[in-house]
């Protein structure tokens, strides 16, 4: 029950944040209102839908209407920001939403995965897919390489956060502690990655 | 039972039509016979397979052999058209098949989704994915942006048709009425969009 | 039981081989260690995960930890090869791994599909998706056309091997015979295709 409440909070926060992020990018690229809505909703719902398919249940996004409301709030916020500011996708609100959404969806994915009885690797994989899947699908729709999501110490934050969730559970923490720890670790890692410009060396550079 | 019959008719029509459309495009791009068949079958089966995965059942395309027959009929028709005409993918038969396939798959998707007990949003989303998913997958295979499907008042027709299906059911119409209405609304909207060159304005243009 | 053992052997061989192939490509393109691992694991696990989603079960890759070990062995081997040789992805070990992985995953896919009770077309389709799905996903991540997998008499080998599996079962062969035949036919076809440079003519060339 508590775990369910945590999931719904994390999921709602992630939906608003990622719909805002996706819609902001689409607005800057000059998409029509339909395209902005589609890119925003795909960014918001793509990761969780893939998560639900992987744990073998009908996607939550198709089952409940309330979730769509959160996506619409995010898209609407992006439209308002685009009227108020010149580069909505680089506005601090968008940057903050990106980090918060990443942390929220990593946590939501880890909660669902550990409830579905997958392996520790499965928990981390599902948490990461929940977190970066929507952005990757939006990139595929726009014919960009979704791999930039991974080169830029972005998916890495979700992997670290998902591992934190599993470690906290394994160490005897309850769902509340694990979820809070997962969200905090993901967010702090992402903020640090942006602030300090973290990059990983290439294999050839480091080994060759 | 009636709903099942309607589904099989819509599905068969969609398979023939979209296999023809996909194979025609691949022929014009100079693909080999194997590539033409793959692009045709992916265009025909991609949307319905995704629909079945989303409503959590083994895809119909893998379960029955008869469906493959419809796909082969479409691919064969495309090959015959390519021998008879210079630009098979712009022949009126191909253009008509594209609109008819869109209407048929929107209807097939709406029938399956409302049978799976998803939300109204879920019905519209699954109907749209059934209608445009195959073309989008073919575009991803060919490394094009599937987003053109959405910019061109194409997916919009499926969204409007899927909404019509749900509204007709909600207003007390039986499955027969809802399916016929869905197919008619989708087809008429698409024909009008092509005929009158419908486009949506961009957010920046309309709001900025 | 025997069929299960055959599956685990084929799956393990395929995981090591395809993780090596995927990681080698990523190393040559100058990816960082994280990117090399991701591309290697996606190449190794993408096909089997899609297979499991299609036959409606939670992906094996998320359920067991042991499988990840095979993927890590493949990635590590690729890193060692990259230190020893200049063009690791064109080294005979990589080329051999690509053919062996193709044969192993075609066989693994055919075993799972025939156990899931799909149609003969379904067996061939799932075997082929198991075999080429991971490479296709890696290509989508890298924003390349996964279609090259199909133009180059590569997926064709999986289709022929999957058909051999089904034919051998239909002719009364047991699972052991069918699996061995499938692996042998796929591997021999692929080696011949590389050795003799097999290509298919285009429809326009052959029919126009």
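The chains carry the letters A, B and C, assigned in the order they are written, with residues numbered from 1 in each.
Methods note: a residue touches a chain if its C-beta (ideal position, glycine included) is under 8 Å from a C-beta of that chain, and two chains touch if they have at least 3 such contacts.
Note that this is a predicted model, so its numbers are computed, not measured.
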Chains touching both subunit B and subunit C, listed by label: A
Self-contact between copies subunit A and subunit C, residue sets same or different by half: different
Cα superposition angle of subunit A on its copy subunit B, in degrees to the nearest 5: 120
Chain centre separation (subunit A, subunit C; CA means) in Å: 30
Residues within subunit C bordering two or more other chains: 53, 56, 140, 143
Residues on subunit C engaged by subunit A in the complex (per definition of touch): 27, 30-36, 38, 49, 53, 56-59, 61-65, 68, 79, 82-83, 140-143
Touch list for subunit C against partner subunit B, complex: 53-56, 113, 116, 118-122, 125-126, 136, 140, 143-147, 150-151, 155-156, 199-204, 206-208
